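Order of writing sets the labels: A, B, C and D. Residues in every chain begin at 1.
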Amino acid sequence: MSFIRPNIRHPQLAVNDLGYTRANYEGALSTLCAGCGHDSISAAILQSCFELSIEPHKVAKMSGIGCSSKTPAYFLGNSHGFNSVHGRMPSVATGANLANRDLVYIGVSGDGDTASIGMGQFAHVVRRNLNMVYIVMNNGCYGLTKGQDSATADRGSASKKGIPNPYSSIDLCETAIQLGAGFVARSFSGDKEQLIPLIKAAVSHRGFALIDVVSPCVTFNNTANSTKSYDHVREHMNATGTFDFVPLKEEITTEYEPGQTEEITLHDGSAVRLHKATESLDFSSRRSAMNEIEKHKEKGEVLTGLLYLNPQTPDTHELLGTTTTPLNQLDKDKLCPGSKTLDAINDSFR
Amino acid sequence: MSFIRPNIRHPQLAVNDLGYTRANYEGALSTLCAGCGHDSISAAILQSCFELSIEPHKVAKMSGIGCSSKTPAYFLGNSHGFNSVHGRMPSVATGANLANRDLVYIGVSGDGDTASIGMGQFAHVVRRNLNMVYIVMNNGCYGLTKGQDSATADRGSASKKGIPNPYSSIDLCETAIQLGAGFVARSFSGDKEQLIPLIKAAVSHRGFALIDVVSPCVTFNNTANSTKSYDHVREHMNATGTFDFVPLKEEITTEYEPGQTEEITLHDGSAVRLHKATESLDFSSRRSAMNEIEKHKEKGEVLTGLLYLNPQTPDTHELLGTTTTPLNQLDKDKLCPGSKTLDAINDSFR
Amino acid sequence: MHKIAAVNDFVIKFANINGTGSASANNMFAKSIFRSGVPVTPKNIFPSNIQGLPTWYEVRVSEKGYLGRRGGVDFMVATNGQTMMQDFQEVLPGGYFLYDNSKPLAPKYKRDDIHLIGIPLTDICIQEYTDPRQRQLFKNIIYVGALSYLLNIEFEVFAELVQDQFKGKEKLITPNIHALELGYRYAKEYYAETCQLKIERRDLNQGKILVDGNTGTALGAIYAGATVAGWYPITPSTSVVDAFEKYCKRLRVDPANGMNNFAIVQAEDELAAMGMVLGASWNGARAFTATSGPGVSLMAEFLGLAYFAEIPGVLVDVQRTGPSTGMPTRTQQSDIMAAAYASHGDTKHVCLYPANPKECFDMSFNAFELTEYLQTPVIILSDLDLGMNDNMCDAFEWNDEIDYNRGKVLSTDELENLKERWGRYLDVDGEGIGYRTIPGTHPTKGSYFTRGSSHDEYAAYTESSEAYVRSMQRLEKKWDTAKTLVPKPNIRIENKQSKVGAIFFGTSTDAAHEAIDLMQQQNVSVNGLQIKAFPFTAEVEAFIAQHDTIFVIEQNRDGQMKTLLVNELQLDPARLTSVLNYDGMPITATYIVEQIEATINQNKVTPLQQADRG
Amino acid sequence: MHKIAAVNDFVIKFANINGTGSASANNMFAKSIFRSGVPVTPKNIFPSNIQGLPTWYEVRVSEKGYLGRRGGVDFMVATNGQTMMQDFQEVLPGGYFLYDNSKPLAPKYKRDDIHLIGIPLTDICIQEYTDPRQRQLFKNIIYVGALSYLLNIEFEVFAELVQDQFKGKEKLITPNIHALELGYRYAKEYYAETCQLKIERRDLNQGKILVDGNTGTALGAIYAGATVAGWYPITPSTSVVDAFEKYCKRLRVDPANGMNNFAIVQAEDELAAMGMVLGASWNGARAFTATSGPGVSLMAEFLGLAYFAEIPGVLVDVQRTGPSTGMPTRTQQSDIMAAAYASHGDTKHVCLYPANPKECFDMSFNAFELTEYLQTPVIILSDLDLGMNDNMCDAFEWNDEIDYNRGKVLSTDELENLKERWGRYLDVDGEGIGYRTIPGTHPTKGSYFTRGSSHDEYAAYTESSEAYVRSMQRLEKKWDTAKTLVPKPNIRIENKQSKVGAIFFGTSTDAAHEAIDLMQQQNVSVNGLQIKAFPFTAEVEAFIAQHDTIFVIEQNRDGQMKTLLVNELQLDPARLTSVLNYDGMPITATYIVEQIEATINQNKVTPLQQADRG
């Protein structure tokens, strides 16, 4: 059991714009293995929401089944959570979002949950561009069922069992880019500096935002021959650049070296400022993003950071033309056409 | 109802190397709508198998549910067929192939069958590189349930109902390339010249071979605003090149203009000879293929023909190390360890 | 030669090819009878294919108001060469056979007990129209015109129907009326005295409508305030969502901004459809999906989650002939068990069984009320016969006074003023139902974690045996509550003394009532009970207790409703005799009578035999 | 102060934290008793998590050979601070409480009716080992060493066990034996006369083995010649395929070329797993999958296809506590209905219910024989208790003479010599089973189209009502054939005169037999019947007919097996009284006795109450 709560509690704890302390964003004690990458991601989500001053009750946490999918119990205890069934979180999140477009939906899933049993639902929630943050805690294995290879395990990577995975792996970022996601990033549970601004930007992005976070499973897949181990990722990680999240209210002063720093304004007025490490990546081009990911893969590297961003994609509600009031707040007056109308309808059946 | 049988029957019908006539490869009368693209694809499959001199009983026809999935009843009547459940043909084909690696597996599916309900199974049969030909009869809609948009309908395309599809579309060729398929092609039901050699090459390829065939639904999606109509495809189709399939026994004389014609030898010794229309496509590069597909899409064109070919990818059996004798032919002697061994095993439980 | 003669009481069947436009002509025919004030029941018998295969349309006319299928054909309109011989054979002695005599009938069409009515449909069309599509379409209108004469249906009724049908496409009106006239005139000229089947105007359809059940279900959902639909196309349920969408677009678009007060998403499959429903219901919207058997199988896992985590959700199962793909365009009542006990573990689900479009409408509303009050999924079990065929029934009714009962949901104020510690799964009222909260309601109170794993009263994860058993027992208590809330059966006492009862539900209802009448005419009194819901209410139990012999009439092979009755009410199965029809065609009164009388007479049943229902 | 004193008859429980290596030490302890010739039943009670949460290991020692759970703890080995108080409370008066006294027990641990045995596990480890992992691991070995002394288990037995366990890693042997000695010596020094629970060597385990049921199932599949497994991980079924793989790698690799005479594919989900099984079986291989409740729900659609298209396939359902995710690491027998009637439409499936690893082995073989002969899926319903715990049973047996019966499959020659027209679904032998062909068998004969849509005798697509009914009736006939082929029940007649019978199956069997013994000791004679299969054979029917009062003992809330019995045999439910335990823990004999006696005495049952089984 590991603890993601901070150990020290000052009387003068930092408060955010809402007057909440970090404690207001905490959840139950984690029951994951000590050192599990997932706990770090939970902490990063917590920290991001705290810093973004999101009202916890305006967040809905959605998940499937797995060690990763348990984590929503370990952060944002004042938010509603829904631990659904294995691989089907995307559809539950879709329904929830249809019912109330005003909440922030944070989906947490595992690589088994998303890329195996959930592959179909994942593909489709992406192509509908549901307004949600979808975080994959990607350890290349099935933690909760004791370490079987998942579909994101790289070919040749070997977990504790020692047998190299023979199959081609699924790259969820590429899949998401291909299927039209507007925000696609990859990160590493061990890189808080990168992860927190990414989560903040993902929350601010309107539409589907994927963050595929490599998150080592210390118990089953942190081996010397695993490409999802702490050591491997640390050594082979290559960031697209560093990344600042600039909240709306902070004045945006544009002062960056041309060519290497780019600023993209998000739907809600906040912005991301990217200090690109490589000029060959064009964040606004799907082809460029896929190309860059593949190029790094060919070199045995894991490209992390923001990979693709298009802040202008219409989300599911815009595509459907749903009204701005959350559907779950429409009352009978708005919804029920009444008996007069029914009489007219009856007449049409005569 | 349309008929895919030839109307004229000469006494001196052409026979193939096995001494079979085309009639030996025919199936039942089609019950599809007159003019349905699917019937042309059936005819092309029939013709390819005839010309390849495949023994019909060495072919297993697999399908899901849909107008497209009905077609295996309309060709190769001397082959076993399996019309399974909606979207789950890939797993049934996987099981069948595991049981007998020596048959030719021809899977036929629809875009609804593959890209909606079957998306997960499709992704996974690709990444396991099952040795099969997977033909998608892609009409951008659900024919059998009366014309709803499918997940391959292009954004903005409108079927008979007249409402433009709002969602991002799934490009099955890109998905397959990304997930490691060794043979990926796109074609058009109206282009027999291209389709037949592609099918022949796909059958000869060892491993997963996808042919995504645009196949207009005359009843529901052959409208002026549909990008899957006969007219649209004819006008916007752009082939990667022309294509010859060179069977093993024909002497391969290499005489082509350098740079533009490429010859690739398949696992079984036959070859494909490509007369490239564009130099920028490198058939052996996944990145190049995806790039090229996307580039054409940006121009509103449908890139057809062979898109990617790697004849060297190990298929599921090679990845699993399965024995060469089909598993369904192993007898008790090979399979049952016998009572002596069981005694020893019992001892290990004491 | 004998001629079947009847006024307002016969069966006419149309044999067509699908995709040739016959459907709308045939519908017009049925509607003309409805508008003549005579009860009518049309049934579409169509193939699982889009174009070019045989399709039939069977219309029963019954002044007595019998709406079940009768069986037997008095008048056949045969326009399909592929099935012509079979159609020819099917006509009852003394009946009529209308065919296209542009070509003479082949000699093999030999029967001297029926009356041939040849109309040169093709020739007339070739003469009148040049466009091949028109030639095909108007053929159908021409035979309808002929029927207007032959059956004595007022021509004005058709004229009006055409006008209604082509509202907005006025230039189609005249040609259609012309085509009707062509048929009318030809029939009048050549078959003046031939047909003894007649429609006479009555006024029996006051307050009635003629509509398909799926439209009823969809309208019920609209009136119930459903806003979210996640679905996946499958025959025969697709038209539920089609109708929902159609009426949403008419009734639910905000006039101020043109935006939709609803959201319909075509899911990638049925698992996703159900997931969307649960997500939306969890989040406080009324949500539903519609599917058929294969979809129900695929939703089993999610239904179990909803049962155990206590999430509302409405599932409409428009049943078709199973198992597996079965006969997708034939009817059956065979998902009774699959629905009631869907999912692994100890699960059971509230089910409603509508028998006509009006009940579809009412039960659709009921379903939303029940699912939210009970916090458990509710499944509406309709079927192809009801869902896709026009059925005559009472007009839909809505009481504007009725408010939605959203069940035990805590508002912001209620949360604010909570005195005691709130527990999502605490049984505060002793009904087995806890108070739930909707995400976003209150900044600091009422959040909880929904899960399909074992949880205690406060929604916390638990592996405690005791906590698990407590929640399973509370779910049983909730089940008992459900028994008091679901719609009560419809009971018909023919004779208080009679010890014979018949139980039926859904689309077996009309035929069962007719059968009871038929038996009463033979002085056999059978009391009837139409089940409307699972679990069964006390009235069902009492009815069974009051009768020594009970027939359970259903349209499946395995007597699934009987199984539910026996299991849920702990009845001796020997007390219930199954009357089973499962060939994919709607059950008939004659068949029921045969089966029941066989048992009564011989005290012996052969329930699994298929009867000849000629 | 009272001390529980017993020889070879007590319950000892280990309270540990998962992921700390206690499992292998505890297993060694159980095995030491087995090797002492005394019957033993260990049960793992573990959380649905990987590391850091409480886990228990409960070992029953029973010279009389009772293998069910007993309940109550005579000796507690408490090494987990998180649960220590609860563990402390659980010890029966007069019992023993072994704890780590490196730190003194907190004052709240106050009971004067139990005996404390403090062993400074931590201190010893700190003293002996520097590596923190070793310190943790050897703690467990040290308490096992102490138990060797305290319970009088021969030290040599442990020495041998260590040697066996570390075969191949010899350098671990000495340190382990050393750790055992540390514990042994400490106990001897400080607790010489404390414990009155003793193991005495016997020779009661001749011909027995101690193995988990999932291994039995896997070996059965190997011996049955299964070559294809498609599966998806889920507790508690994962180890079926793990064991299958392990033994395949040992026994099925071709010595000539190192290639595999098997293929195991981890599917993307359970739908795919079942699809693979059906594809492989259709193509003539013996194929299976293993899953648990959620997987069964997901397989419903495919099971319906297999039923209707008549495709073989073996599904192993290792049940856990439902509904939904429920308690994934607790046991239950609650997929009885979900399995038997899986899928929409009229479907039913052959089920087998093994009670111990030997039956897992035998029924696994049976399942493949039956599924191929009957051409319908066969479901093996095991559960977590049986599948994942070591269970004592008779050694596995195999008769080398037995040949596989692959059922009605036409060979190339048979096809060549066919005299009549072959029809895939023709009932040639009157058993309701047609002759099938495997793809690739014959160049021109025997090909057909497999489909889940309605088909005639020649496998052609049909929408004919008659053809459909014929095939549904033939499937019923096949069901009757199945009744004659499935394993017969195990009947135990205590007393021919007795009119009281108990019916049980699977993991309720051992406890039921013990309960029958207990009641017999009180002069209550109850006859017993262990159901082995669905559909029920004539023997089951006869047994029920012979008894006035029947108890149906099962581990679910809703009395699911009772429902099957009532429905399938058309029994009066009043004749069957349910004895239900569904709290996730294996049922005990005491609980059964309580329930049965309550009924017998008061003629009144409260089946849904949870009993205290202290």
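Simple rule for what comes next: contacts are C-beta pairs under 8 Å (C-beta built on N, C-alpha and C of every residue); 3 or more make two chains touch, one makes a residue touch a chain.
Because the structure is predicted, anything quoted here is derived from the model rather than measured.
Asker: In terms of C-beta pairs in contact, which of B-C and A-C ranks higher?
Answerer: Most contacts of the two pairs: A-C.
Asker: With chain centres taken as the means of their Cα atoms, state the distance from chain A to chain D in Å.
Answerer: That gives a centre separation of 40 Å.
Asker: Could you tell me the distance, in whole angstrom, between the mean C-alpha positions of chain B and chain D?
Answerer: Whole-Å distance between the two chain centres: 43.
Asker: Return the residues of chain A touching two or more other chains; collapse runs of consecutive numbers into ranges.
Answerer: If we look for residues of chain A contacting two or more partner chains, we find 85, 116-117, 119-121, 123-124, 128, 151, 320.
Asker: Can you list the residues of chain C that touch 2 or more other chains?
Answerer: Touching at least two other chains: 48, 268-269, 294, 301, 305, 324-325, 451-453.
Asker: Which of line, ring, star, complete and other names the graph you get from chains that touch?
Answerer: complete
Asker: In their complex, what parts of chain B are in touch with chain A?
Answerer: Answer in residue numbers: 116-121, 123-124, 126-129, 151, 166-171, 174-175, 178-180, 286-287, 290-291, 294-295, 314, 319-320.
Asker: Which positions of chain C touch chain D when the two form their complex?
Answerer: Residues in contact with chain D: 47-48, 293-294, 296-298, 300-301, 304-305, 307-309, 321-330, 332, 334-335, 337-338, 341-348, 451-454, 463, 465-466, 468-469, 472-473, 476, 556-558, 560, 563, 566-567, 570-574, 582-585, 608, 610.
Asker: Provide the residue numbers of chain D that touch chain B in the complex, in ascending order.
Answerer: 34-35, 205, 208-211, 215, 219, 222-225, 227-228, 230, 247, 251-252, 254, 257-265, 267-269, 271-285, 287, 301-302, 305, 395-400, 403-404, 437-444, 447-453, 461
Asker: Which chain A residues qualify as touching chain D in the complex?
Answerer: Chain A reaches chain D through residues 1-2, 31-34, 65, 67, 85-87, 116-117, 119, 142-146, 148-149, 151, 219.
Asker: Enumerate the contact residues on chain C facing chain B in the complex.
Answerer: Those residues of chain C that touch chain B are 19, 48-53, 232-235, 238, 266, 268-270, 294, 324-325.
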